[in-house]
Each structure stands twice: as C-alpha cells, then as structure tokens.
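For clarity, chains are labelled A, B, C and D in written order, and residue numbers in each chain start from 1.
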Amino acid sequence: MTVTVTWYLVLAAALFSMGAAGVLIRRNALIMFMSIELMLNSVNLTFVAVSKHLGLIEGQVAALFVMVIAAAEVTVGLAIIVAIFRFRSSANVDELSELRG
Amino acid sequence: MQGGAWLPIAFEVVLLVGALAVLLVAVVAGRDRRFWGPAAGLAFAGAALAGVLQWREVSTSGAGLFFTAQGVSFAKSPMVVMDGLSAFGAIVLGLVGFVGFLAAWDLVAKVGRRGPELVSLLLLSLAGLHMMMATPNLVVIFLGLETASISFYVVAGFLRRQKGSAESSFKYFLLGSLASALFLYGVALTFAATGSLTLYGGNSIRDFFSSTIVTQPGILLAGMALMLVGIAFKVSAAPFHQWAPDVYQGAPTGAVGFMAATVKIAGFAALARIFGAGLVSQVDTWTPIVAVLAAVSMVVGTVLALVQSDVKRMLAYSGVAHAGYILTAMTAGVAGVPAMWFYVSTYAFMVVGGFAVLSTVSGSDSSKVPLDDLKGLVKRSPEMGWLMTFVVLGMSGMPFFAGFVAKVFSFVTATAVPAPWPANDHGYLWLVVLGVVMSVVGLAFYFRIIGTMFSTPDDQAELQEAGLPVRFAVIVSAVITVAFGIVPWPLIEAVRDAFPI
Amino acid sequence: MTDFLWLLVALPLAGAALNLILGKRIGEPRSGWFGFGLIAISFVIGFGASLGFFAGTSNPQTIYLFSWIPAVGADAAILWDPLSALLTMIVTGVGALIHLYSIGYMHGDDRYPRFFAFLNLFIASMMILVLASNFAVMFVGWELVGLSSYLLISFWFTKPEAAAAGKKAFVVNRIGDWGFLVALMLIFMTFGTFDFRTIFENAPAMFGVGAGTITAITLLLFVGAAGKSAQIPLYVWLPDAMEGPTPVSALIHAATMVTAGVFMMARSAVLFELAPVSAGVVAVVGTLTALLAAVIAVAQTDIKRVLAYSTISQLGYMVLGIGVGAYAAGVFHLTTHAMFKALLFLGAGSVIHALANQQDMRKMGALRKAMPITFITMAAAWLAISGMFPFSGFWSKDEVLAAAFARGGAWLILYVIGLGVALITAFYMTRLFAMTFLGSSRWDEGVTPHESPRTMTVPLVVLGLGTVFLGLFNTPARHAFEHFLEPAFSGVEQVEGLSIGLISTLAVVAVIVAIVGIIIGLRRYNTEVLPDETGAFWRRALAAFGVDDLYGRFLVAPGKAVADWWASVVDPKVVDGAVHGIAKGAIGGGERARAVQSGQVRWYAAVVAIGAVALVVFLLVLGGGF
Amino acid sequence: MPVLLLLVGLPLVGALVVGILPKKRPELVFPVSLGASTASLAVALYVLWEFEAGTPALQFIEDLRFSTILDMGWRVGVDGISLFMVVLTAILFPISIAASRSVTDRVKTYMILMLVLEAGVLGVFVALDLLLFFAFFEIVLVPMFMLIRLWGSDNRRYASMKFVLFTAAGSAFLLASIIGLAVMTGAQIGTLASFDIRNVLAIQLSGTAQLLLFLGFAIAFAIKVPLFPFHTWLADAHTEAPTAGSVILAGVLLKMGTYGLLRFNLTLFPEAAVRMAPYLAILGVIGIVYGAAVAIVQPDVKRLIAYSSVSHMGFIVLGMFAFTTQSLQGSVFQMISHGLTTGALFLLVGMIYDRTHTRKIADYGGLATVMPVYAGLFLFAAFASAGLPGLSGFVGEFTILVGSYLSFPVMAIVAGSGVILAAIYLLWAYERVFTGATNPKIEGLKDLDFRELAIMAPLVVLIIGIGVYPKPVMDRVEPSVELILDRIESATTYQVPLVGRSSAVVDIEYGEFDVHEGGEG
C-alpha cells in the first residue's frame, strides 16, 4: 500500500474539519484559538503535500509564509485575549455578548 | 534596478516607509501628534500620488506583470501586477485612507501617547490591502489580507479599557482568523487542483484552464467556494456578515470608517482579481453564487438595519446591504468591474464621512451611538447635519447623489450580460428587481436617520466644534458623494479602464 | 340690434362682479338700482332685437363669439331665434321687475349689495342658457343657474334650514344634470358636435322615428329637465327652496329657472319628435307630477309652500305640453305662468312683508282692506292660475289640454287627469286666496299690516297687467304666439289644430271645472272660522306624503353607510391593512433576524462554517462536482 | 441660451443663496426665496410665450450627452403637455412660498427645501432622458419628506414615512423597468445602456416585454397619481403636511404620476397600453366614485380635500386611457385645473388653520358671518373643484367625459356621477363650516388680509380665465395628444373611435339661416 497524495489531502481535510469543529464547540478562547492554528497547519500540510506531488516549490514556500503569518496572528491574538481576559475569572467566550442585535 | 521599476510597488513602499517614519519621528521628536502627524499625512498622500503615477503609467504604456526576486524557480511566477485595477485601487485606497486618517485625527488625540502606533497600524493595513489587489499570486493575496486584518484586529481593540472595544476586537480576531483559514484552505485546494498559485503569467491557473479540460472539478470547486467565503467575509456579505455590526459598534468610532471602507475596497478588488480575471473561465459557475450572496446580503442587511436603534449598527447593516449591491455588479463577471469600482469608490467615502460625523457627535472614542444622539443635529451643528444628510442620502441611493448612479450602474451591468443560472439573456434581472425593492425598504431607516437629524433637539447646546481634519474629512466625503451624483461621468469614464488584465 | 346680444350676458355679469367686489362702497339703495338698471337695459336690448321676429321679417341666426372648447367643437355662440328671444324677454322683463321689487323688499339687509350681485349673476346665467347655440354652452348656463339658485336659496345662511335647502337644491339638480351630461356624451358620439343647428338639421336624416339612440338621448335630456323643472322624482328640492328670499322664489323658482327644463326640451323638439316613446314618458311624468303636486298643495299651510307645489304642478302642465308635441303650447304656458306665478309670489312676499315675516296662512286673513293693490293684483293671478276666462292661464292651460285631447286614444286619460288637476288647482288657489285676503283676521298680536312701498307695488301692477292680457295673444282664433315661435320649431310637426267648435266645447268644460273649484274653495274657506284640517289625508298631504323621508331612508342613509364603511373599514383596514401588514412583516422579520445576531462569537463562527459548507455544496452542484 | 437649464437651475441657485445667507439677516430669506421662484416663473412664462403652437414637436431641446457607457445626460425639452405642467409648477411655487409666511420655525431650511422641491418637479416635467426623469421623480421625495416631517402636524412621522415608502415602492418598479428598457436599448445601439427617450422609442419590444415594462411604469405612476387602491398615503400626507406642502403635493406632485403615464406608458408601450387601458380606466372610475364617497364622510377638511383629489385624479386617468383626442386633452387640462383648484382649497384651509389651529369640521360653524370674504373665496374654490362651468374644472371634466364616452360609455356614465358626489361633499362641508349660527370658538377671527388676498388672486384669475377661454391651452396640447394617438394607431391595430380625433369634429357654420328651406335637412 503506497501512501498517495490523496491520503495527505484527506488527512489535511480531516485536520481542518477538526480545527473548525474545535472553534465551534469549545468555549475557551485559547483553545478556540489553537483550533484555528490547527486549521492553518492542516492547510500547510496540503500545500506541502501537493507541492511534493507536483514537484513544485511554490507550495512549500507558501507553507513557510503561512507559518510566519500564523506566528504573527498568534502574537496579536494572544495579546487580545490577554487584554480581554485579564480582568475576568474565566476565558469563556460566551460571556462576550454585549454587542449584539 | 532602474527608478521606474519601483513604480509597481511604490504604493506599498511609501506606506511602509511612512509607517516606519511615524514611529521613528515619535521616538525622536516626541509623541505629540503635531510632530509625526504630517509624516503620516504625507504617507497617505504619497500613496495616493503613487496610485496616480501608476495610473498614468498604465494608461500610457500599458499594464504589466512584474517578477521580483529572481533566480529561484518560484520566480517563474510574477509577484506584482500593475494594471488598471491595481492602479485605480491605489488611488482610491490612498485617498480614502487619507480621508479616513483625517477622520481619525480626533481619536488620535484621545489615545494620546499611543497615537503613532495607531496610525502606523493604519498605514500598514493600507499597504496590506493594496497587496491584495496588486498581485496575481494567491499566497501574496493572503499575505496582504492578513497584514491588513491583523492590523485591524488591533485597531478595533485599541481602546482596550472599553468593554465594547475589547469584545469587538476579540470577535473580529477570532472570526477573521477563521475566515482567513477558510480562504487559505481554498487557496490550497485550488493549488491542489490546478498546480499553480498564480492567476496569470507563466504556468498560471489561467494557462491551466486553457490547456486542460477539467473532468473532476470537485476540489477546484471547493477551493473556489472557500476563497469566495474568505472574501465575502471581508466585505461583510451575508451570511458571513455577522461580525460586522458587532465590530463596528464596538470599535472606536473614529477609526471605524477607515476600517470599513478600505477593507471593502480591497475585498472587492481582490474578488475582481481572483474571480473576474483569474477564474474567468469558470465564470458561469461562480456568478450564480455571487448572485445568491448578493441577494441574501441585500435582504439581510436592509431588514436588520430597519430594526436597529444604534446608528453604528445601522450603518454596519447598511454596509451589508451595500455589499449586496456591489456583488450584484459582479454577477456580470469581469464586465462588472467598472460598476463595482464606481460603487466601491464612492461608497467608501460615504462610509468614512458617515462615521466621521458620528465621531464628532458621540465622540471619536465612543463605542455605542444611539440614534437619539443625532437628534436635532442640523440645529446643533448645521454643517455636520447637512453634510451627514448628504452622506445618508448618498447611501440611500437618492438621485443626484453618488449612490444612485452607483446602484444604477451596478443594476445595468447585472442585466447587460446573459446569465447562466437561471439561463436567460437578461442577466440577473431578478436580482435587480430585488435590489430596487430593497433600496426602497432601506429608505425607511435612512429617512429615519434624516428625520431624527432634522427634528428638534432635546439638548439645545451647540455641538462641540470638531477638529479641522475631521471636518475636512466629512466635507470631502460629502462633496464626493454629491459631486459624483451630479457629475458622475468622469468617474464612469475612468472606471472603464480600471480593469484587471 | 343682434350685434349687441352678447351684452345680454355681459351686462348682468358685470353688474354681478361690480356688486360683489364694490358693493359695500356702492351702498344700499344704489346697488339695487344699479342692478335693476342693467337688467332693464338688457330687456331693452332683447326687446329691440326681437322686433324682427314680431314683424316676421327676421330669420333665426347664429352669432359666433369665440371658440370655447375646440376639442369638442363647442363655441361660445348665440342662437337667436324666436324661442330664445321670448325667453330673453321673459327673463329680463320679469327679472327687471323683481330687481325693482327687491330694492324695497331687501331693504335693511346686511348683505344687500350681495343679493343684487347674485340676482345679476342669475340673470347672466339664465341668458347663457337661453342664448346658447349648442348643448355644451347651454349646459354651462344650466349649471350656473343652479349655482345662482344655490347662492340665493341659502342667502340667509345663518338659518340652518336655508343653508341645507340650498345644498339640497344644488345636489338634486346635479342628479338631473348627470342625465343631461350623459345625454351630451351620447349626442357628441352620435353627431360629432353639440351645435343645435347641425344636430337638428341632421337628425331626421340620420335616424327614423323611434330610433334607439334618439330615444336614449331624449330620455336622458328629460332626466336633466326633471331636475331643473322639478318633475317626479326630482321635485323635492323646490318646496325647500322657499327658504330663500321671496323675490328669489318668484324669479328663480317660479318664473324662470324652473322652466329651463321645459325650454330645453322645447329647444330639442326635433329630437323628441323622433322619439315617441320618450315623448310619452315625458307626458306621463308631467301629468303625474301635476297631479301629485296639486294634491300636496291642497294641504299646505305655508303660503310659499302652496305656491311652490303649485309651481311644480304647473310645470307638470308644461311638460305635458312638450310630451304631447304641443311645444308652442307648452312654451306659451311657460310664458303666462311666468307672469302670474311671479305675481303670486311677489304678492305673497308683499303679504309676508306686511305681516312681519309671517308665512303661515292660518295666521293671515282679511288683508283685503289693508293691502288693496296687493289684493287686486293677487286676485288677477288667482283667477289666471285657476283657469278663469279670459285670464292668461285659461288660454295657455287650455292649449295644453286641448293638445292632449287632440291626440286621442290613451292620451285622453292624460287629458282627464289634467282636467282634474285644474279642478284641484282652482280649489287650492282659492283656499290660499281666501285664507289670506278674505274671512276674518287671524294675525299675530301687535301686527299691523300695511301696503308695501312703491318699488314693490309697481312690479305687482305690471305683472298683473300681463296676467290679465297676455293670454289674448294666443287665442284659438288667432295663434299669434304660435306664429311668432314657428321659426324656432321649423322641422317639427305641430299637433293638428282642432275645430273651433270642439275647442270651444273644451274651453267651456275647463271654465266650468275652474268655477266648481273656486266655488268649493270659497264656500269652505271664506268663513269666520277655518275648517278643521287635521285628518289623515291632510296630515299626509301636508307632509308631502313623506317622499323626503323615503329618499332619506332608502337613498341617502344607505349611501352614507357605504361611504362610512369605505372610509372607516376599507381604507384603514383593508387597503392600509395590507400596507401595514407588509411593514409589520418587514420589521417583524428584522426583529426575528436580530435574535440570530446573538452576540455569541461561537454562533457566528458556526454560521460562517455553515455558510461555507453551503457555498461549497452549492458550487459543487452548479459546477458538476458531484 | 439653455432656457430650461435656467428654469430648473434658478430655484437651485436660490436655494444655495438662501443657504449661505448670513444668520444675522433672517429677513432676507423670504424675499430671496420668493425672488428665485419668481425668476423661474419668469423663465416659464418666457417658454410659454415663445412656444410654437400647432406642432407636436419638442421644443427648447437641450441635449448634452455625458457618458458613452451609460448613455445618459442632460436631455430636456418641452412639448404641449409638459409646457403647461412646467407653467403650473412655476406658478404654484411662488404662491406657496408666499403663503408660507406663517412658518417661523427654521425658515431657512424650509425655503431651501421648497426651492429644491421646485427644481425637482420642474426637472420631472422637462426631462427627456429616462434616468434624468427618474432622478427628478425620486429626488422630490426628499424635500417633501422633510417638509412633512418637520413642519407637519400631529401625525407627521407616520405620514411622512408612509409618503416616502409608498411612492418609493412605486419608483422601485419604475427604476427596474427603466433599467431593463435602457439595457435593451443599449444592446441595439451598442452601449451598455441608453436612457435617451428618442433611442428608446426606436426599439422594438416584444409583447411580453412591453406588458411587463408597462406595468412597472404604471405601478409607479399609479401610486403617485394615486390610483385606487394605492391612495391611502395621500390622505395622510396631505393632511399632515404644512399648507405649502399640501398645495405642492396636490397641485403638482400628483401630476407627476399622470404626466408619467402620458409621457411614458402611452408613448413607449402602445401595445401594452391598449391592452391594459380598460383596467386602468376602471381603476380611475373606481377612484372617482370611491374618493368622492369617502370624502363625504371625512371629519377633517384637509382629508376631505385629499380624498377629493383621489376622485379628480381618477378623471384624469380615465381620460388618459380612453384614447381619444378629447379625453386626452381633457386629462391634460384637468391636470392644470386640479392643480389650481385644489391648490386654492389647500391654501384657504391653511389660512384658517393659521388662525384656529384646527382642521376639524365640527370645530367650525357659521364662519361666513365672521369671515365673509374668506367664505366667498372658499365657495368659489369649492365650486371650481366641483366642476362648475365657466371655471376651469368643468372644461377638464367635461372634455374627459365626452371623450371617454366614445371608448368606455359605461365607465363615463359612472364617472359622471362623480359630479353629484363632488357637489355633496363640498357643499355639505361648506354648510357645516360656514353656515348656521356662529360657533363661539371662532368668533372674532380676522378676515383675509391683503397678503392673503394677493396670494389667492392669481389662482382665482387663472381658474376663471382658462375656464372661460381654454382655447390657448387646448391648442397647444392638441398636437402632442394627437401625436400620441397617431403612435398608438400606427403601432397597434387599435382604432380611435369615430369622432375621437379632432379632425372628425364637425365644422359649424354660423350666420342667418332660412328656416323655410333648410329646415328639413
């Protein structure tokens, strides 16, 4: 049994879905955030797999870019989360619903 | 490299230099806005000027693709494109950015020492936004998108002590990241299906379609759909709009105009770039979806705006509806680009102007602006009241205001090209009918705003005079709203050439 | 003289305008004299222009003034023929007298100049009606006399009854006008013009006798005439119109305006000739009106209401004349009636004036001595309307009845009824006369009757002379009047004349009938104590058999109920209900959608995800990805 | 000289000048506004004077094409129909402005709105470009909305919003239709869209397309007219609007609807117009009877007049779709006449409202004793409105009825009953307000002053003038109307009824005639 590119793609899709599900299901801001990171990484997996399969370098470069961006996002994201939840006992996002309607 | 070769990236360079300069000046000369403010203004103006130069270059010498880093195989694909779309976008972004910056001037004063940071974030975001429309490479588009988005997450939460601002920021960040991830996955899937990340140039997606007959389009279609989701989210098209009202309401009023306006410009330009130009061969597949998004946006935006009591939310929902009208133009495929440009470029000024007025009424650092704040505005400050009236009339699509021509242009475009689904020669006529009906329903809340502004104020006190830059921003917005309503043809002729190659 | 005919309209109109605008400055007696003078001049002009017809030397002519509504070919133009000449003389002649009378009668009224302005306006309107050379312009006059009538009936508008009466007159007239209007539409469709001459010249060639179109036109014209000339079923406004000042009643509601219907039908004689069915309807309605009004008149106690019903009844005669094809006779009765009825009203006015505005005949009596001139002139009028030989009423009424008789067959029924009406007429007029001038005095305390001033008695005398002698112009022996009118009825077959012997017999019968009526009346009312008149018949007749109530209950009330229902249910609930429903739907939808916007970021994310999935699926379906 | 640009532009210039007048000189606002609108009137009169009668051609054409993609531009001109609409508008505005002396609150804003409104309405009547027409048609909403919203009476919020939403709902269909039409036209001449009415006239439309577009246009105009059952906005808007607002609403704004029907529905879609004519005519007739009947039972004078407008406008629509030269001329004439008479009535109601601040009929009684001149003028206006011959209302209604009968006899007969109902509601209202004993509440009111009389004078003169001598109007309207009928006849199989063309009206001879020879015909 050879591991074809399809496997990678399916795995990535599964990871992506798991990440998305995490965002939807979890209440903790940090974990939601991590789920998003998971989604980004699953995309990276796709990039790299496809890149390898097609013998192109673009995908791998793209993955690098994505990693950088994810890092930036983490920085800012964590800062925001900290700013919000500094004065709160929990990191439950459901409590953040003052703006609505 | 020769001097002229910088031109394709001049816009970004100017802004980046400007951002650095602001921070440097603040460090060197002091954090008072008088010192670094001019530098920021200069950067915005310079960016607009860069756009003008690009435009001139494009119209005399023609558009072109540009390869930057050379030597690696990666560089077979172009990274920068300078064409009508990007040049016109640069002008609009530069001007809107400049006006938006002026509108935020009072906010800058409020945040005190942190002013330079705020402004440099704005400068950076603008650079990112232009990257989205000035590249044929999907990853670079994502890069630009994230550059802008991350800046905006921070701007939205800039007043971190305010509960609204913080919540707004968090929501924007979380949902924005989700949408970005979706977009990125779309890019990846497209890459998987076509083997290319470039829209055109050598070995591009366009080439792929011209040389290959796609038999199993599943992955490609999913990729397209996800990219569309990402962009729809950014331009706040329903059903991906839900962040917009919350974010706009929570974010500091002085900066909302900038955020809301510029992101729409870039979002629609990117849509034109990716779908209009890149995926032009798939046009029959994606226009129906765009039509559905347009329809849902118009209805949801309008109906929800009807029942709002907060002006910021009202304008946010109205923005959703406007996204629908603009998407209506894009249902014509790449032929919709001129109408899209006309709409976006005029609407952007209305948004900036509208929020600028709100910031003078309720304070540039306010997060909620109940409708009652506008009560008797015309009496309390005739200048702001009348200008806001013009802006709101412009948004409502009243004739002799730019919004009207924009709508007509958009609707005309949508009916001028035969539609694939449901297949007929009259384009998306149903969408146009829905559009005009929704425009009427929308009048209910636009006129409610106007009626409130003209009613007798509870508070007889004159409104505190806003700062000159803010007033200037409002005046410019209103003048553009009126001018392109009465004399729309220069802009119409200009947007004809604002095509992607 | 015919070059100045336009002055017949212009002069009174100018008088009206001046009195209306500058009346206050002109002042009390002068504005009256001014109005009177203009009408007198008009009379002179009209008389002068008629001389040619008297002499039989002039032909009828049409005089173009200006183009009015070119789209329907309606020009302002004058048709000057003996018929219009006759009416011109009646209107300006009687009009002038009544202006003169009013100078005294209206003395002391706050709005004295305005009264004369309205009277002048009326004369002008009437002249438009009479002189019109086409149906459209005639309709203008037709409506304008309605306006003047409205203004004059409700002249004392502070009395609610007067105001209501004016409105009622106008509205009921408008119902008739509706018929007239429809007739006009049909006329235009049929002939492509409104011009009398063109129509009357072409109609006989275009249509045979009994043609449906012409029948329809004439019936509709009759509806109009029934409104203006107070025929069944539209007569109800006339008794109420007595709320107006008495000179108004005399001029408008006795002598002139109410005869407009008769005039109009006489003018359209050519058409009625072509429509025997319509003529029959006209004759029957006229007869029945004459009968009904006469019966009601018997029981009235208000002197003016007696005269009002009497007018309706006499109009019935005229209409009968038209119906039986005796157009000249109808017009002749119109002429004599104008004299004696105006006289009766003015006399009554004189009495009312003398008794300090008392109109109830039960409180009159024995005025013979106090008001000799009024008494004598009234006596002439009484005998004339009763049909006594040789007063004018005798000749003209006889002509109409004789014409009905001459048609023979079923028409004899009409003749018999007409004769019966003559009997009743003689009776109730005697009743009126006796209750007023004879018997014992039943005046209110403190009232001392006196003869009226000169301005009021002079008209009485002039009209009295007319009442006595006018009939002699048209005896069966010498039909001077009919010859005079002949050019106006060219193309119309007049009823064959009867032999002198038969006519004499009919005349004798008529006179006997009149005498019987007078004797019964005198025996019953020339007494010290009035007979008891409280029986069922008297009560019902006094209430005019409740026709007004019937109209109110079966026409006005349901109509108002429908309008109310429309205004209070259909408009706000149905029409606006739908609108509000849509608005509520939109806002309700918005409110519901607001709930979706819960503020929960996880929910938003879910929506984004669901949307993304939906989009992917949609695109896959569209693009054939499955 | 661009006369029509001047015509439309002068009020705008006036509005600008008013806008920049110094706050310290409030006394200048009124004369400047009046001056601007009077200047526009002068231009309108110049146009009337220079207008060449006897031709259906458009005159004073200005044609500036601005854009090649969207073929739109400043394309204006007048023909016999729009000419009088322009003049009517230009007359009513100075009068309304003069009648607004009692406005004390925010006079400057008020006058600016009035002048903008004037420019908008004038623009509607001169526009020859569909988009330009629509633009003016729609922009009128804004100042009118504000006039009602700001200077209206108690229920003004509801009324103003209802006005906007009703009319805008109509214009939604109009805009959709215009866009559809413009795109189809554009496809023929090779641009994205063309709004030039001359290009639009040249294209061929399929039956279905005609019908749909016709309906789109018709709904918009029917709401504006307003045709039953779209009339409910009118009662509220008229009632709540300030005096000048009511005058303009009834006087000229409603005419935009009927003008639109005439200018676009009949001209652009003759086939559909012929097909739909009976239905629209029926709606017109229903409006006549319904409006009049509802007017009878209104307890409020302004509402009463508002409903009477529904009735009168029904006549216009009936005449319009009867397709005879008489009915069409009558319709145009009635538009003018209704503007004058209803304008006069609203002005008069406004004058008494200024004194008593009530519009309830029940609050009055015996007013004629207190204010005789006022009563006289009111009665005059009422009779003019009720179609009394010799005044303008009659000419219009009569011509409409006579002309409509040729096509729709039954409807014309039913419509004729409107004259009875008109007499009832007006005279009954007059009776309750003016006659009887004087209500103590209104004793001691001052009769009209010189200014008020001066405001009424031109209307009175015009009502009598064109009632007695309508020929100058008719002569100018006729060719344009005939052209419409020519178009309908050439585009469809429809034939105008026999005497429904002016050429078929019999010529009349005048003079002496010898009865003894000619009598038997």
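Observations
What we mean here is this: a contact is a pair of C-beta atoms (placed from the backbone, for glycine too) under 8 Å apart; a residue touches a chain by one contact, two chains touch by 3 or more.
Model, not experiment: these values are computed from the prediction.
Among the chains in view, D has its Cα centre nearest the centre of the complete protein Cα set.
Of all chains, the one whose Cα centroid sits at the greatest distance from that of chain A is C.
As a whole-number value, the distance joining the C-alpha centres of chain B and chain D reads 44 Å.
A straight line joining the Cα centres of chain C and chain D is 35 Å long. Spacing of chain A relative to chain C, judged by their CA centroids, is 96 angstrom.
The geometric centre of chain A is 65 Å away from that of chain D, both derived from CA atoms. Along chain A, residues 20, 23, 32, 93, 96, 98-101 each make contact with two or more other chains.
The residues of chain B that reach two or more other chains are 170-171, 174, 178, 245-246, 444, listed in rising order. Within chain D, residues 165 each touch two or more of the remaining chains. Screening every pair of chains for touch gives A-B, A-C, B-C, B-D, C-D. Those residues of chain A that touch chain B in the shared complex are 9, 12, 16, 19-20, 23, 29, 32-33, 36, 39-40, 42-43, 46-47, 50, 54, 56-59, 61-62, 65-66, 69, 72-73, 76-77, 79-81, 83-84, 93, 96, 98-101. By the touch criterion stated above, chain C contacts chain D in their complex at residues 20, 59-64, 66-73, 75, 77, 111, 134, 136, 139-144, 147, 150, 154, 157-160, 162-164, 166-167, 170-171, 174-175, 177-178, 181-182, 184-186, 188-189, 191-193, 195, 197-198, 200-205, 487, 490-491, 559-560, 562-564, 566-568, 571-572, 575-576, 579, 583. The residues of chain B lying in touch with chain C in their complex are 170-171, 174-175, 178-179, 182, 217-218, 220-222, 224-226, 228-229, 233, 239-240, 242-243, 245-246, 282, 285-286, 288-289, 292, 300, 303-307, 421, 441, 444. Contact residues of chain D toward chain C in the complex are 162, 165-166, 229, 231-232, 235, 290, 293-294, 296-298, 325-326, 329-330, 366, 368-369, 372, 376, 383, 388-390, 394-395, 398-399, 401-403, 405-406, 409, 412-413, 416-417, 419-420, 423-424, 427-428, 430-431, 434-438, 468-471, 474-475, 478, 497-499, 502, 504-516, 518-521. Those residues of chain B lying in contact with chain D across their complex are 338, 378-379, 393, 398-400, 404-405, 408-409, 411-413, 415-416, 426-427, 429, 432-433, 436-437, 439-440, 443-444, 447-448, 450-451, 454-455, 487-489, 492-493, 496.
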